[in-house]
């Protein structure tokens, strides 16, 4: 029994890796533009389908899809940015509805092109088990966890050291003041969308290589990412990481201890709990009352 | 709404439509389905317009109302119309759980309620003893026979849903034009100003949530007795959230008739045309429609039409912004 | 009528109000002055309910104010204006007053609404959009109107004259003097202009760094050494 739990914790930890990438992309966009991109999960899924196309139509290793996925995801992301910035009034709520609509478009587009069948990587090397002590995982899970951590590390460094990183933080805390400092908010906004696209593309490929995909997954990815950002609180990258791992672990434990049907239930319940009891998330400092 | 306009509309709804289409089961089915969406769209718009909250989880209220009514009639033999009422009340009570989310800003509330809908769906699947689990509830009692008229027919179902909508629209209108309606309108952007003069803003918002949940619950209950079958993935399906949202935005969620007309148009066109061209994934057009509406006409189609009509009739300068109160 | 006892307000590390005690009787007109940041608006926020004090007590006609929720304070008889006018959006001027009256007193009296509109010279703007179609002095008048519509016993005026140019200011001052005469309510008024305060208020309280440093007639208060120091910058102690 104990071993089972330990194994769940481990699996949850590993999946937390690419969850974090998805959540970070969402959080970044929200931080700069105060806009929640409800089509974010669909963008990740699109990247995953790029990997599928790479493997099944071109016979290549899905990792080769990363450049393609990068381009596609960033294109989608930037398109969303341009559409959202065209919203005249009431941007906070109207952008929700707009991205909700974009999400529907993307999900149905994937449905049309690739049908509702589920897909997953057939590359044997990815699915080979690798042992870390008594714990097992697929090679791909471990590999992508490493990649995700590296990417998060790079992002953290970039946000705290680079000019754009600091500009992003400035714009998200006070847009007008940032403008006065000579920061172009539009450019920083686009950058955050592009970065979100980059993170999403890697997460998408990771998803394909470690999991099964189908068009309906988009919505739950967005919801999961949103839950993680709420758990983490505003403005905390380590928080997002921990939140992502927490969700991964909670879901893995639920599947092991209860049933897979309850999988989403526990993270939803956790979400509501945090929302009502700890409105600033586990680590955040900013007030969220609208 | 002026009686001059209302009376002919009622005549059309209660007299002309059943007379013309009553024999055609297919058309009646689509009509009833679209009106079901219309009812939810109205409730959704009420919450958005008066309560100032956008919800992505109305499917929760729909499903709760549906299950409560179905179970009350099946297990306890409660008369159907009372059970439908109870379904609405049950949904309103269920919405109490989402009350703490009222103090959250827009997006957080919208997503909190989405999480809520998911939770209900899973709960309904898990408590299979009561709800029939994933397999579903079969043989839910049909709409009853009253004074010799059997409402279980397609026309009967149509008459019931039309009546429900007319009543709800009436309630919505009364609130909108009352002092409570004024206060609610002002609360969107100047909540403190209203609180300082004595408006219990939190209570008013909560009331709007209860009302919206109640209405949606009644519609869900109606639906369960109309199709006589329920299962969790159906009752809590995200379509019950998505279609009303598209309908309300398309028709104009700030107006009373916008969501209603929008729903009938959207649903009918989707079922009759889009579905034929793109059998799997036809809702992509709805998504595109939603996007286009938000970008180019966020107030929807109805206001655009009424504005054009009003502009034609008027010769003098345009009225001040505050006179553009929606009366339709 | 209104009793504030040792009111203290702390925001994190900042003490906005420290042990402020103050009493206002019926039909009194009291001025509240002090340099910027002294805590005047914070005091208003405490009385009207936007801010909960971290210490102290407040009572109004015997009832405990601090345990009364914000929206009930209007019914108690406390009305306030905001320094930056906050008209109720999407409503006309008349509707602003109607809502204030309906929820602040529990009933509607159209004659009284017309009376308030006339008193504040807002009658011809009555059906215009409150948030979009009014000038600054009209917005300020509306602020007063909204508070008046709730039939208050104590009216808190927060810098109603700030930002107005001289003619409007003078007209408004006349209105304020009339206000007290006609409506016979207590008024606590924050203003920066010493001359205005001295003209309007037989009693003045001075706040500095969150503390009440003087309370008396304008002559007494403005010749008080500590008060003068607070305005000319005598530094911290």
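Which chain is which? They are A, B and C, in the order written, and residues in each are numbered from 1.
Assume contacts are C-beta pairs under 8 Å (C-beta built on N, C-alpha and C of every residue); 3 or more make two chains touch, one makes a residue touch a chain.
What you are looking at is a predicted structure, and each value in this text was computed from that prediction instead of being measured.
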When A-B and B-C are ranked by contacting C-beta pairs, first comes A-B
The chain whose C-alpha centroid lies farthest from that of chain A is chain C
For chain A and chain C, let me know how many angstrom lie between their CA-based centres, rounded off.
50
Could you work out how far the Cα centre of chain A sits from that of chain B, in whole Å?
32
How many angstrom lie between the centres of chain B and chain C, each centre taken as the mean Cα position?
44
Complex interface listing, chain A residues touching chain B:
36, 83, 86-90, 92-94, 96-98, 100-109, 111-112, 115-116, 219, 223, 226-227, 230, 261-262, 264-265, 268-269, 271-272, 275-276, 279, 288-290
List of chain B residues in touch with chain A within their complex
54, 56, 100-101, 103-108, 110-112, 114-116, 118-119, 122-123, 125-126, 238, 242, 245-246, 249, 278, 280-284, 286-291, 294-295, 298
Report the residues of chain B in contact with chain C in the complex, numbered from low to high.
179, 182-183, 185-186, 188-190, 192-201, 320-323
For the complex, which residues does chain C have touching chain B?
48-50, 69-75, 79-80, 82, 86-92, 95-96, 98-100, 102-105, 108, 127-133, 146-147, 149-150
